[in-house]
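There's a structure below that I have some questions on.
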Amino acid sequence: MKQRRFSGLTLGLAAVLSLGLVGCAAGGTAAPEAGAAGDGDYTIAIVPKDSTNPWFVRMEDGVKQYAADTGLDVYQKGPAETDATMQAQVIQDLIAQGVDAIGVVPVDPGALETVLKQALDAGIVVVTHEGASQENTMYDIEAFNNTDYGGFIMDNLAEAMGEEGVYTTMVGHVTNASHNEWADGAVAKQAEAYPNMTLLAAEPRVESQDDGEVAYQSAKELLKKYPEIKGIVGTSSFDAPGVARAIEELGLTGKVFVSGTGMPAANKGILQKGLVKSLTLWDPADAGYALASLATLILNGEEIVDGVNLGVKGYEDMKFAKGSDKVLEGNGWVVINKDNVDEFGF
Amino acid sequence: MVDNVIAVRGVSKAFAGVQALDTISLEIAPGEIHCLAGENGSGKSTLIKVISGVHAADEGTIELNGKEFSKLTPMEAISNGVQVIYQDFSVFPNLTVMENLALTAELAEHRTFVNWRRMRRIATEAIAKINVKIDLDAKVGQLSVAQKQLVAIARALMSNARLIIMDEPTTALTKREVDALFGIILDLKSRGIATLFVSHKLEEVFEISERFTIIRNGKHVITCLPEELDHKKFSFFMTGREFDDARFTPQIRATQPILETSRLSAHGAFSDVSLSLRPGEILGITGLLGSGRTELALALFGSLKSDSGEIRIDGKAVVLDSVRTAISHGIGYVPEDRLTEGLFLERSIGSNIVISEIDSFVSSLGVLEQDKADAEAQRWITDLRIATPDAQNAVSTLSGGNQQRIVLAKWLATKPRVLILNGPTVGVDIGSKHDIHRVLRELAAEGLAVIVISDDIPEVIQNCNRVLVMNAGRIVSELDPTQTSELELAALMSKDVQTLEGIS
Amino acid sequence: MRALPQKLVRSNEFYLFLVIVVLAIVIQARSGQFFTANNLVDIANAMVVPGIFAVGAFMVLVSGGIDVSFPALASLAVYATTRILVDAGYEGDLWLPFLIVMAIGAVLGSLNGWFASRFAVPVLIITLGTASVFSGIMQGALGSVQIPNIPPAMSEFGRATLFVATNPDSGLTSNMPMSFLLLVGVVVAAFVMLRYTTFGRGIYALGGDESAASRAGFNVRRMKFWLYVIVGVIASIAGLVRTSMMDQMHPTNLLGMELMVIAAVVLGGTAITGGTGTLTGAMLGTLLIVIVQNSMILVGVPTFWQGFALGVLIIVGTGISALQLTRARKRKTALI
């Protein structure tokens, strides 16, 4: 009896494991042969927050483009969902495989410090994107200055709101560095440029948990509780679509507005219906390209200086952020609206 | 003998090379009350499983209703009137009595939908058959053991049973409940329904069984009438060993009692208990379930708070407010339900033995000295004849009797001066029982003071030099075992209960 | 027989109901918004997906098992369905998406069922494994990405409205989604199955004592297998509803819901050890959690504290059921 039980267990586990492996192997990228540093034949891995999010799927296009342009072994490998622990695990695996460089878009910079330190200690080049607060990185690149981008989002929202009324901000998670910097930037811009607008004091910042359903439910609650709200600054790519759904259902189309980051294809519907006037974004493919490019420069032993050119539009003249010798900022943002939504091809 | 309910002919069954049954034969006549006896591991349960179709026999046949089967299925067994009442009764504690009774019938008729009105009718009829009153809407989990058993019997009778097999039916029942059960069985007998008792205790079923079949190591030993059996023979047939029936005579060296209580009371459990115990004594405390015997033991072991009265050790008053204090005063306690209270079943035998004195194997640096601990464990395994090839095996690999010995070893390892045992041989087979009694006597001879709490009357009479009878939380009588009889003791225990009930 | 009022007072559902009423009054007092027509409709709307999931989770818990794979199962089933239909350019009616998603749900559920009925491995481990397998297949083999445009029939179903509730003061409107009927339908079907079929009673019997169930003549293996198939189908329905209502397929949207749903069912008085619990309790438990989740902003709980508040509710709520269980046991021992 004991014996049978045990063999049953082993069998079951073996079956589950092998199935799981089949599932992973089919879609994953095969582990590359690690190339020795300095020989010009580098292996560079880009680690996004979430491998299924279309944003990062688009990023992979840029990564692949870079690989095609240079002939280097550059590939993208991310966690199955937006989860700091899973992301750390991916990086751990990459360290074990002995890649030459890792480019990370951190889910939670704090949670990655240890593993990125390990990578650096192992002699691996570490660069980050959208992780200005990351300590264990050589350089962090931002498509733009986060505060400036937040201001840009605010400009869009202010235009839709007629530069007046109460608004609040929505972030994926209150621990998300970039989202909060954008939101802060938006609030700063409003204080400076739009005196007739006011930030909702009672709920200045809500979470969408990077989930369209939560964004929708939270927006409904906000609008019920605070009927004075006329605008919501969205940051995560889930925010604007979710909030737009709430605005439409509550019968507030044309009365309440939302701005934020969003992909053209995913938001074509709400832009064309006029639920959202405009969204802002930068092309993640370019960011992916720039990350790999920066890593290559470092591996080649080149000095990274103000004005460094990463070879892709918006990243041709990177400037160090104020007071930092690590964070490089470009100027790669764009606006999408119902007129140009079809032009992006992603 | 066509008119047998069942005839088992030359059945053999082996599991992974171990011969569990070896050409066993057994016949039961309609209405016969037959007892199948054997020690744990003798093949009793395998035989029941073969009869009920759970296991197919390797060799031999089973004749039911004049039909011969070499491979019996459970459905065939049931449709030919064989019903098993398992020790755990196989009831659903989360369902009502009604569903427990009717669900099987619904299933047997291959119904897709259940009809609650029909279920109620079926259940009412089933309960009527055994002539008892049970709330059909009560959850079975909330019933007493005896009531659960009645539900199981009623359910068994629904499918026109001709033979009811009862696995250890009286183990958890009080005397009155046993009487009620026997009443029902006699009633079944009058309707021609045979009963096969499975038991390893003679006294439980002696008065009602008409014939005995005893098996040992998978082999048939004897089939005989009750007149041909007595305690000694029964034990011999079961174990193949001769046992000394000598009574215990204490060798009391000290005159000072080691443990005394005076007017000890705990609200709702016991009151006014005064007793004294000297080294070398084995004191029996007996009483029915709920008489306060277990609570008294727990109070002496510091795990139940007493409200008033005094406990004295070596003549000095002590407060036993925790198990730790009790242990430090040299008191050991072997609990009633060894499986749930006393052992870590998945841990090794060795670590179970040394766990209560683990501190004494820790060096001054705080490191566990594994060698010393292992040696200590091995000493007890040898002393108590624990049947295991390796002290590293998990306790769950042992039989009930051996598990009980581990609990004993565990407490002896703390070198107690007073050892309290609660139901030391409950659920233990005869061989192990004798071994445990032998160990207790040896311990007493070495100067240990022992308290045995048990409702097993022969056990206390044979092994104690004094017996206290508890009832409704009070000590009602103190007896000298040599001056009393099993009958008198039993009468004392139950008589008081009846008067008590007469008052309430 | 105990009198009905007394029985009611002793039931877990009654206390849960009281808690919900008190909570509603507190929210009303703090926000003035709870008992407005459109807020109540919003709650009902938010209840649909967790509610359908809870029915499945409840059945598994009652049978003595536990399933943590249902969000992954639902995600995979809906992802595959949407992908197939979008790639085929399907423009037809709603029946086909439902048919496909339920079929895939059944197949995936049967995988759980097969493992659970064949191997003596705790179902928790099995479903942890299959959950990884399901999301692995979805994200690895199928290379899942967000699908922004779902088939028109699903999109229409997501927008289909039973009625529109308007708050007369603010003029805000909320739609009662058609899918609420689906929740009602699933609950009624599950109720009938659990109460009036031999299979349903067998699930309770199984949770009470598995070996007793098999001795009583239940085919335990077959029952477990079909139970997980049914649960797979129910989960896949919930997945389709979520995707339709969001008007886009996001593969990871459902993941992580399992803990909340199981907590809701346990909060509703279903014993984690199996055998006991009612569908009413499971629904009330879900309702309670949904209300709390969707009233944090109304009450004004700061964003930072919302996760904390939900955690406390789950601990206290399940703690109370555990306490009741211990009390009941103590009462029993006292009787002996």
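A few points about this structure:
Read from first to last, the chains carry the letters A, B and C; within each, the first residue is number 1.
Here is the rule we use: a residue touches a chain if its C-beta (ideal position, glycine included) is under 8 Å from a C-beta of that chain, and two chains touch if they have at least 3 such contacts.
No experiment lies behind these values; they were computed from the predicted model shown.
In this view the innermost chain, defined by its CA centroid being closest to the centroid of all protein CA atoms, is C. Look at the CA centroids: the one farthest from the centroid of subunit A belongs to B.
Between subunit B and subunit C, the centres computed from C-alpha atoms are 45 Å apart.
Our note on geometry: subunit A versus subunit C, Cα centroid distance of 31 Å, whole angstroms. Taking the mean of the C-alpha atoms as each chain's centre, subunit A and subunit B sit 67 Å apart.
The part of subunit B that touches subunit C in the complex is made up of residues 75, 84, 86, 88, 90-95, 99, 103-104, 106-108, 111-114, 135, 137, 142, 144, 289-290. Subunit C meets subunit B in the complex at residues 1, 196-201, 204-205, 207-209, 211-213, 215-218, 274-276, 332, 336.
Subunit A contributes residues 4-5, 8-9, 11-13, 15-17, 19-20, 22-28, 50-54, 57, 80-82, 174, 202-203, 205-207, 211-213, 216-218, 220-225, 227, 241, 245, 249-252, 263, 265-269 to its touches with subunit C in the complex. The touching residues of subunit C, when paired with subunit A in their complex, are 31, 33, 36, 38-39, 42, 46, 115, 118-121, 125-126, 129-130, 132-133, 135-137, 139-146, 148-149, 167, 170-175, 242, 246-248, 250-253, 255-256, 293-298, 300, 303-304, 306.
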